[in-house]
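Shared between the two complexes below is subunit A, which has subunit B as its partner in the first and subunit C in the second.
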Partner chain A sequence: MASQTEAQINISKQAIIWLLLSLSITFTLYAFNLENWVPACFVVFAIWRYLIEKNNWAYPKLWLRFPLTIAGGIAVLVTYGSLFGRDASVGLLAVMISMKLLETRTKRDFVVMVVLSYFLTVNILLFTQAIWVFLAVLLALIGLTACLISVSHQTKQTTISPQIWKVQAKLAGKLLLQATPIMLVLFVLFPRIPGPIWGIPQDAYSGMTGLSDSMEPGNISQLSLSSKIAFRVEFKSAIPANNQLYWRGPVLWHQEGRRWQMTSDNIPLPTETIETSGEATDYTITLEPHNRNWLLMLDLPDIASSTLPAEAHIKHDMQVLSKEPIRTRIRYQGHSYLHYTLGAKLSEHERTLALQLLEDENPKTRQLAATWVSENKSPTAIVEAALRMFREQTFVYTLAPPRLGKEPVDDFLFNTKRGFCEHYASSFVYLMRAAGVPARIVTGYQGGEINPNGNYLIVRQSDAHAWAEVWIQDQGWVRVDPTSAVSPDRIEFGIGTALPDSNLLPLLSRQDYPVLKNLYMNWDAVNNGWNQWVLGYDQDKQLALLKKLINKDIAWEDIGLILVTTMIALMLFVSYLLLRNNGGVVLNPTNKIYQQFLKKLSKAGVTKLRHEGAIDFGNRAAKALPNQAIEILEISALYSSMQYAKHQASSNITNAPNQQTLSLLKQLVKNLKIK
Partner chain B sequence: MAESLNLSSESSLKPDFKLSSPKTWFRTAIAIDSTTTLSRRHIYILPTRFGWMYGLLLIGLLTGSINYSISLGFAITFLLTGLGLISMLHTWRNLAHLKIEAKRANPVFAGQQAVFELAVIDDSNRARFSIFAKFADEEADIQDVPALDESIFRLSLRSQKRGWLKAPRITFSTEFPVSLFHVWAYAETANQCLIYPNPSLRSQILPSADADGATGQLSTTQGDDDFAGHRNYQFGDSPKRVDWKASSREQGLLVKQFQGEASSTLWLDFNATTGNNIELRISQLTRWVVDADAQHLRYGLRLPQLSIQPSIGDVHYHQCLTALALM
Partner chain C sequence: MKKITDAIISKTSEVILGKEQQIKLALACILAKGHLLIEDLPGMGKTTLAHTLAQVLGLQFQRVQFTSDLLPADVLGVSVYDRNAANFKFHPGPIFTNVLLADEINRATPKTQSALLEVMEEAQVTIDAVTYTLPQPFFVIATQNPSSQIGTFALPESQLDRFLMRITINYPDAASERKLLQSNGGREQLAKLSPVIDAKQLQTLQAACHDIHVSDALLDYLQAILKYTRQSAQFNAGLSPRAGLSLKQCAQAWAMLDGRDHVIPEDIQAILPSVAGHRLVSNSTLTGSVDNIAQLLKSVTV
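And then the complex of A and B:
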């Protein structure tokens, strides 16, 4: 439709204030995620625009705006190296919005700005989706809607109510509140197509933390400094003891100097055989996105009985992988056995891989291994000897080990003797291989923290761990955790108790603040629900929920039909509530009775005119109906005095009319008989 | 008077059907008893260009949410979708069920802006905001209407010819609260404005006063001798009477006033005007009425079917002009 006389009506002052307020919220959120100069740029232009409004300054001319815009574009290009990609394009939008503030004055400018700002504000969800971010986004949306309202509120009346702020904010809140049922229906029922539809910029998942596909000394201790949650686990039955909680991640076979790596997928190895004993443990894992393929599972997983995401598979060494990197929070059900025999037979190829070492390194370690071999020790005895060495010598478990020299294993075992789990696991496996015992490193997480408020287990990045598996005739691959020889507490009670120099650890992994910890546990329980039901709501959850609601299997296509019917029903209902003609008329008890009186008189042919006072109308009606004149005059006088009293009362305390007077009026109207 | 009323309605109530114009396809709320209601049937709604832009925003957010699998993105996209749908209802109900009551329109001379007053009334106990009202190509008046109250809209329209000017179809519209939808309705009110004839500019000089009202005698000095003071310029005053010197000192134009003018009686006769064109002759008579009133002369008006006895004062003045307008 044609625009409505844009130029002639000034945009009210509220509009720019609402816009600046809500953009301030948005840019505060971005301050955590974009280069600092981008929010700083907003602050400068926002203040400039505010001063233009306040002091009636001139708007900057094109000769100033144009170079500024070019400079902004170049600044983004220099900072991010491109104008595309997640960070760069959001940065560019943010900078352009900041600058456009300087030419925002007509209704059209404002509406375009608000639409762009809606877009920018929602884009923060690409970076973070925490509850408080969601609340802040909602607040910004209310502000932007209020801006739209104040822009749309054009009038030639010059008197502006001082309440206008409140009215606009209230209306914005009301609109969004009324939109909520529609949101809920669409959220639950709109068919969730699993993305992506097109390629996603490479930088979209930077900043996700988790285990890597290789390990070097320092990797895991670095990860341990993060209190970020790796995953949460709900157990169907009792939670196993802490020392049983080994969460299996990447299995590393290949040694190359300090670095240990996974086997290549090109090497065809037979899947290791499993014999299980004892009861299985069932649990559900909610895995945080970490941009890798690992699906962590309790050692040892039985994937035949687990419900994993589509196209997940298990490698020959019992490592479970998804097809695509985990970029959204996912949930899967695991089925694991704590007691098992893995890989009873070892093929020649596997043996070669499990004994692989680079030549001519770490002579002292090789020497030690050679002594054990020359003593004719059995593999079990060699394992024992190594563990005894860790236990009896002055090895220290620490998050801050010294740097290792050129021969890292030698340096660690015979010189520094201070290390974190990756030092112990890698040197142990090195020692085993040197002594001819097939061995490999397993990385993953160990332990976790029970949240009593939700009865589930929280596993953090700080629980990251590395241990070893050695292959022994008739026993298969046996888990050996050399760290437990050095620091039994780490395995029994978790990392918080094991490290004396705990101030390096994240606050929440420490033992010092029980109140804080309890608060945190409550908060995490809320977060867990948020993750499960809001952030984790996907196609599978959608189908499962509908199945539960309707008690019938539902095809993907049926959701569309359900959605359309529900939406039509909802819209009809909402339209009825909002559009019925008497909507919103709330009569007070006095008025209600008076309306009955009017109805009665109207039936007798005397209708009250608009703007006719109660007394005037009473006089007219009394003349028209002389038989009821006294009653009519009495009612009119009483009603009028009650209305008057009500207006008086606004300055006093008694707001409601006297109960006695009210019942008197009621009685009088009831007794009024016309004819 | 009654006869001349009929005469005039012929000219102003010519049927104005334009079947080719799509605008006539829309329903129009027609006044009954001076009040008309913009009921459900009269209200139309379409998205504004901002509405389409908002739609693009929603599509963008939805594809983004699908592409990046952001569940919370879906939630906010749907919240904004809901906002759009709800705003549609709010915009609609901001205009619906308003009552329009025709108020007065003061007479003006042909060629001047006729101002029609309308009371826009809410009786649904709902405050209305930013209601636009306008004639097809004229400027809009924009007002808020408080709940259970009324606001007076003033719509102006340039008048063309003398007689009754019926208010054309009025377009009421609103985009409140969020400018995403344009809601409009057409209404025809019972408003009409009396348009006086345009006073002739190239005036013949006022006929001289005469006891029996003989006309045709022209006098150059009539009534111009006893200067009595100034009054403000009124439309129709002869430029000769403007005191330019005094006007340059004061704000606005001042017209010289003369004493003793009212004492003489003057008959303004249709037959005293010359020419074949009736409109020009009426225009000339109008000029005389205006001038005579300005000079406080006592004057009467003689038309072919009607004559008004000499008198002075505002009531008489308007009576004469009305007679001329409807002749």
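And then the complex of A and C:
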């Protein structure tokens, strides 16, 4: 009885450290995604459990554990307002696992804990799927597997040798490595369901950033502080110049105070064809989820020749929308023309929308517009006049503009004169409308950063931009970017050059720190590959790959069949490998060479029976193959003595034959030729 | 060392014709310090084999014919009152010797059998609270008729286990039998036989036996055999740890007789029928123990 408890203590001592280590990794990852008190809770209980182990304290009694459990559940309920949903249920699991540490002592407890911890660890991927998270998860899984191993290896040794950690970690890594083929098969073949995963609750999409369907001064400059990636673009041909890279997003028509909004009016698509000139540009966009419908496209998209997600459509103002909000990373191919004439005719409905302004606001601006009109200027001249004003007066392009007063446009144009792109775009459109020139705001992204490692373009939230389009007779909708009048660098070279260093731009959008930048670019190239080939492996890709492999169209129902067949084949293959090697016994080097010898003889028709000793077999084989008798007998005798005789201490750990003998045997077997 | 053992074997073979394998086994048993049980029909040369071995090894030899009225005192000795000295004097029995041939041990009553077996285990005799140590080396060669014969007390398994080996002699082949018939029988030669070694040398040989190397790979094989006997449905009960130890010791002796300094699986295979045959109880009565051992050997991978 005494020895049994002793053995138990020894299980837990090593296993508990493995468990705590792995869970520490997991909870570190959760620290970014769950309420802070949840990881803190783990830290407390982990330290407690460690002290129990170290100082042989008593485990907490039921009267303490029971209220703790209830309190944990209530705390989760209070924090998340529910016990369901992704955050709440993962939080609950995390808290309960932390507490379960206090009653984990028998082998069964450990097994339960490890299984729960596997689940908890993998769940982190519901929150984030970055590569480094994946790697950290892998590390935690190895630790947990090592914990299982140390639980299964009951020893009565009172001291833990330092080597055992390495051995167990190695074994765990090996086990996971052995599972890799199955993982790959499951990854490639497991039927992908189009659309979001069934179970992912709504709260999974909070915290996604991107353009909104309305704009107020400050929106886009806020967005510009984020270095999060909006999308990545690979061009089929050369990447166009930076000042041509206008990525079209929501088009805003409706003005209401300082707020600009999309129109909900249902306007038919223009009937006349859009005139395009020059070569089309083909590209592939990998769009990060932003929980909105817009699919960003290079101005001006031709959706008839683009390959877009199902049920995507284009609106009269050339913005492309998907049916569902974009909640997973998607990829689509675009086809755009950089030179075009859009909207040669303006419908009455559109003209009304494009001239809409709230009454009685910004008198100074209206006054200015009125002077231009009274001067009988043409629309083109009015546009020019406005741009000249931006260019010649002391307008400043800044991320941190002062707050605007009651009459925002007046305040900006005549007073503060400091603003970000949305200030320029909105005041410009306001000015145009006031002067009777139809105009609208287009939001989207401008420019992007070329990653030389991989030759693709990274467009970040910090590249978010707003510009204007004015309608001019015979020219249609013409893009006018008032920001370029103020800060040409913004459009030519990107936001990093346009803003002075003191501004709060994300580190990676700035131009300094070339080494850091290069490092980042490499990393992003890896990330891009990860996104495309691992995370972006969806139903379409799966079907395309299988089609390539099988050369036949298949439905995803068939994939299940292929999956099962492949798994069975894989397992049979592994069993074969194991059985072939004497029932999974690992062969030592001597035996490996001897196996080659046996193979050679077997080909010559003399097969060793499994119960036959080496010498007996050698004698039999020598009789059967008298021409090679000497060699066969020599090899058999050498092998037998290597296997069973006492050796000179060649290696310090085991009684193994030395290297010379081994190479002698190898040579002999190699030289054995049977005709 | 190989020279000595070869000489012993060839000398013995001069008397026991055509039975080298049995002689070798018997010698291996002696080298492994075990007791030998020879089981065969009357007249097969059991007694001659035992006698010859004792002679060749230069050992003192005593023979007791076991009968159903033989008493323990007839084997161990008895204290008799000496009127002159006015005390009891111990008269040692035939057991005080190097080699005791217990002929037809299964004819004696269990009482006598167990008295003998006790001495075999302890190598000493205790009578009237006085312990008498037997001369060294000491071993028993017992012969028995197959138990189906009338008027025998079969040795129980627990007592069979005391014997390291059980061998059978079998009929000689035609050539050997012809040679035997041409001569006057072994007895005459036996009288002329000169010893090859003496008791001291035998003890040296026995000690050398321990130094024969047994590798881990071989122990793997040995354990696989033990495991098989314990798990297979073929046997009623598997081999005991003592049987395992016996197997190892006999294999060492066998390797020495072959002139090797290490044991190989072939050694185990050679001695296994003799060492394990009487210890394994088959589940099916239809197949003999020899078949069972052959089956066992075939089933265990080297």
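Basically, the second predicted complex is superposed on the first by the 530 of 675 C-alpha atoms of A that agree within 3 Å, B and C clash if a C-alpha of one lies under 4 Å from a C-alpha of the other, contacts with A are read in each partner's own complex, and residues count from 1 in each chain.
The rule is simple: a residue touches a chain if its C-beta (ideal position, glycine included) is under 8 Å from a C-beta of that chain, and two chains touch if they have at least 3 such contacts.
In this text the structure is predicted, and so the values were computed from the model without any measurement.
S.K.: Could you tell me if A:T180 is touching subunit B, subunit C, both of them or neither one (first, second, both, neither)?
M.R.: Once the two structures are laid over each other on A, A:T180 reaches subunit B alone.
S.K.: Considering only the touch criterion stated at the top, classify A:P626 as touching first (subunit B), second (subunit C), both, or neither.
M.R.: A:P626: touches no partner chain.
S.K.: May I ask you to decide whether A:P514 touches subunit B, subunit C, both, or neither, giving the answer as first, second, both or neither?
M.R.: neither
S.K.: Per the contact definition in the header, classify A:L126: touching subunit B only (first), subunit C only (second), both, or neither.
M.R.: first
S.K.: Once the structures are superposed on A, label A:V534 by its partner contacts, choosing first (subunit B), second (subunit C), both or neither.
M.R.: Once the two structures are laid over each other on A, A:V534 reaches subunit B alone.
S.K.: Is the number of subunit A residues in contact higher for subunit B or for subunit C?
M.R.: Here the partner covering more residues of subunit A is B.
S.K.: Quick check on the superposed pair: does A:H153 touch subunit B, subunit C, both, or neither? Answer first, second, both or neither.
M.R.: Only subunit B is touched by A:H153; subunit C is not.
S.K.: May I ask you to decide whether A:P162 touches subunit B, subunit C, both, or neither, giving the answer as first, second, both or neither?
M.R.: neither
S.K.: So subunit A touches subunit B in one structure and subunit C in the other; where do those two contact lists coincide?
M.R.: 582, 610
S.K.: Under the touch definition given earlier, write down the residues of subunit A that touch subunit C in their complex.
M.R.: Residues of subunit A touching subunit C: 582, 609-616, 640-641, 643-646, 655.
S.K.: Going by the contact rule set out above, which residues of subunit A touch subunit B in the complex?
M.R.: Interface residues on the subunit A side: 1, 3-5, 8-9, 107, 111-112, 115, 118-119, 122-123, 125-126, 129, 134, 137, 141, 145, 148-149, 151-157, 171, 175-176, 178-183, 186-187, 190, 192-198, 200, 204, 327-328, 534-538, 571, 574-575, 578-579, 581-586, 610.
S.K.: Hey, which residues of subunit B end up touching subunit A in the complex?
M.R.: So the residues of subunit B touching subunit A come out as 46, 48-50, 53-54, 57, 60-61, 63-64, 66-83, 85-87, 89-90, 92-93, 96-97, 121, 123-126, 129-130, 132, 139-144, 151, 173, 175-179, 182, 184.
S.K.: Could you please specify the touching residues of subunit C with respect to subunit A in the complex?
M.R.: Within the complex, subunit C contacts subunit A at residues 213, 215-218, 261-266, 269, 297-302.
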